[in-house]
Amino acid sequence: MEKKLEEFNDYRERMNTRLLSAENNKILKRIYSVDALSYENGALPSKTKEMLGLATSMVLRCDDCIKYHLIKCHEMGLTEAELMEVIGIANLVGGTIVIPHTRRAIEFWDELHIAETNIKSKE
Amino acid sequence: MEKKLEEFNDYRERMNTRLLSAENNKILKRIYSVDALSYENGALPSKTKEMLGLATSMVLRCDDCIKYHLIKCHEMGLTEAELMEVIGIANLVGGTIVIPHTRRAIEFWDELHIAETNIKSKE
Amino acid sequence: MEKKLEEFNDYRERMNTRLLSAENNKILKRIYSVDALSYENGALPSKTKEMLGLATSMVLRCDDCIKYHLIKCHEMGLTEAELMEVIGIANLVGGTIVIPHTRRAIEFWDELHIAETNIKSKE
Amino acid sequence: MEKKLEEFNDYRERMNTRLLSAENNKILKRIYSVDALSYENGALPSKTKEMLGLATSMVLRCDDCIKYHLIKCHEMGLTEAELMEVIGIANLVGGTIVIPHTRRAIEFWDELHIAETNIKSKE
Amino acid sequence: MEKKLEEFNDYRERMNTRLLSAENNKILKRIYSVDALSYENGALPSKTKEMLGLATSMVLRCDDCIKYHLIKCHEMGLTEAELMEVIGIANLVGGTIVIPHTRRAIEFWDELHIAETNIKSKE
Amino acid sequence: MEKKLEEFNDYRERMNTRLLSAENNKILKRIYSVDALSYENGALPSKTKEMLGLATSMVLRCDDCIKYHLIKCHEMGLTEAELMEVIGIANLVGGTIVIPHTRRAIEFWDELHIAETNIKSKE
């Protein structure tokens, strides 16, 4: 189970490294740097921003973006009750076309918790 | 071959059960219940509604939604000639970006027929 | 009130003429010709096809496409009860983001009926 | 200036009334009722939910939905500094294609404040 | 006729100024600055990049973005024969849902030429 | 590694054959034929058109369409420096939601080069 999470992270990191070492990558580099800035604590706390990242990723239906923001939301202590309200709004605004992505989202969310439990039990 | 269809159904059911047993799932539960209602016989027959579900899923390009409505269309006796006209409109309105989803749709459509033949031959 | 319908038709026609008389318009001309073919009676009746055109236009949220298919659906005798079921599925699949387009759709639908009444009363 | 806000509200209300009094409006009625529920205080406060509604409306690029959630965000005391961070994430995730909608959003945001000042000055 | 072009430019400029003078606009400012960079001459000439900007704006169906890139394409000497091939690909990939935006695009394209003729005749 | 490229081509070809031999495939056949025409040399060279195909596929986020146009761009000698500028514009216009597709695009781009090297080394 943990594999999927690791695989996701490994692939993401490997390909980002590839892209950021490509020749002539000026534009992409800048987009990545704005991306990092956008979710930092500011007038709104990071946790709220990650929920915004999650909800927008859900209505635009990008599984990898959803996974990324689920990892971040989980790190910031989002509860399942809170998650379900973000999911509710995303499915309402974006429609039932979002449901299959919601199924994969909750599966990944459960993997995040299993991974966390495994790490704690090894300590 | 039949595996894919079974896998699709199993995963779908398992994750729906997970989502509908999540705490604080009030909104999602209601969306699921409207969803069930929307395709029932009414002023328009279910078959027409499933074609509407299929065509909208195609232009919004959600493979799992397409598969779901293909199962339903097949259950309601949609012929290949009818399917190809739904597919034609979806590819026309939605553009060639829909073509890869159309390839996966026809593959799944063929799986549905093989599965049906296998079931009948076992009887 | 009728103005809007007339304006819509006039603008549409004028600009289509402009596009189809542009130099080097080979591709667009072909797309227009496939477009005309796609909604003709076939394995599925035109009326069903126009509903597919309407529903896909709604989830893709194009007001002018919605208006065009409303005109066609109206010509083919779609009832309000039938329209509301197409609208229901489009809003369900596409989400509440479709609601503002639905408001403009029903306004145009009413204009179509007023225009029809005016024409009949002049006869 | 205030006109635009009033016009927006009037049109919205008039057409909602029309839709909800249409025959055979069962599905739409239910969607409207889930919609009302989704933004209520729960595990997340209404203000956060309205920001989620705003951000998802921005990436899906629906001006009327953006306006609606701006009204709600304004009622809930969203500051300009907070708004600019929601806008930042929406433009980052959704891309520069969101910029024209952002221009119309800030124009409407300013109208909301002018309307508020006018109301207060009359008291 | 020229009015529309002027209006478009005035509104665009006024609202950009408003946005870039908002408090806490760090993210948006950076996005605007990457935006300016992305269309400069590089491995690909600006003209090709503006065509990419135009085609992506067409399939994402943003009228204001289309207008902006039409202005730029016109400045860079795009011919009508070239424009029609960009339009062809955008309508093919994006589907007939792009047609109404294509009608508005060609109308604006013609306004750009009328404006140019007027300016030249005043010289 | 080469497998993926071969698999992609095989699946694509097999399913296109299936679709084009389906009964009642008139509309789809025509769309395929316009598709072939649209990328031919004309007022714009094929290479520019393939870049337009790639950029529009990226902002609409279709992995298979991206792969197809990467194959074509590679055949037409697109350099990595040029590719990175197309990618830059697609990620800017389409937003960070395009990033996961960009990761898969560069992975496939690298596979294309490995495949090419393997073929050459066998000669």
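Should a chain be cited, it is by its letter among A, B, C, D, E and F, assigned in written order, with residues numbered from 1 in that chain.
Convention: a contact is a pair of C-beta atoms (placed from the backbone, for glycine too) under 8 Å apart; a residue touches a chain by one contact, two chains touch by 3 or more.
Computed from a predicted structure; not experimentally measured.
Chemist: What is the set of chains touching both chain A and chain D?
Modeler: The common neighbours are B, C, E, F.
Chemist: Averaging each chain's C-alpha atoms to get its centre, pick out the one most distant from chain D.
Modeler: Taking each chain's C-alpha mean as its centre, the farthest from chain D is F.
Chemist: Are the two sides of the chain B and chain D contact the same residues or different ones, given that same means over half of the numbers occur on both copies?
Modeler: Same, since over half the interface numbering is common to both chains.
Chemist: For chain A, which other chain has the most distant CA centre?
Modeler: C
Chemist: If you average the CA atoms of chain A and of chain F, how far apart do the two points sit, in angstrom?
Modeler: From the centre of chain A to the centre of chain F is 27 Å.
Chemist: Please work out the Cα centroid separation of chain A and chain C, and write it as a whole number of Å.
Modeler: Here the centre of chain C sits 39 Å away from the centre of chain A.
Chemist: Provide the C-alpha centroid distance between chain C and chain F, rounded to the nearest whole angstrom.
Modeler: Spacing between the chain centres: roughly 33 Å.
Chemist: Please set out, as single numbers or ranges, the residues of chain F touching at least two other chains.
Modeler: 24, 26-27, 31, 34-35, 38, 42-43, 56-57, 59-60, 65, 81, 84-85, 88-89, 91-94, 96-97
Chemist: Examine which chains touch each other and state the graph shape they make (line, ring, star, complete, other).
Modeler: Per interface graph, the chains form a complete graph.
Chemist: List the residues on chain B that touch chain D in their complex, please.
Modeler: 24, 26-27, 30-31, 34, 37-38, 42-43
Chemist: Where on chain A is chain D touching in the complex?
Modeler: Where chain A meets chain D, its residues are 34-35, 38-39, 42-44, 48-49, 51-53, 55-60, 65, 79, 81-82, 84-86, 88-90, 92-94.
Chemist: Mind pulling up the chain C residues that touch chain E in the complex?
Modeler: 11-12, 15-16, 18-19, 22-28, 31, 35, 56-57, 60, 62-65
Chemist: Quick check on the complex: what are the chain E residues that touch chain C?
Modeler: Those in contact with chain C are residues 61, 80-81, 84-85, 87-89, 91-92, 96-97, 99-100, 102-104, 106-107, 110.
Chemist: How about chain A: which of its residues touch chain C in the complex?
Modeler: 59, 91-98
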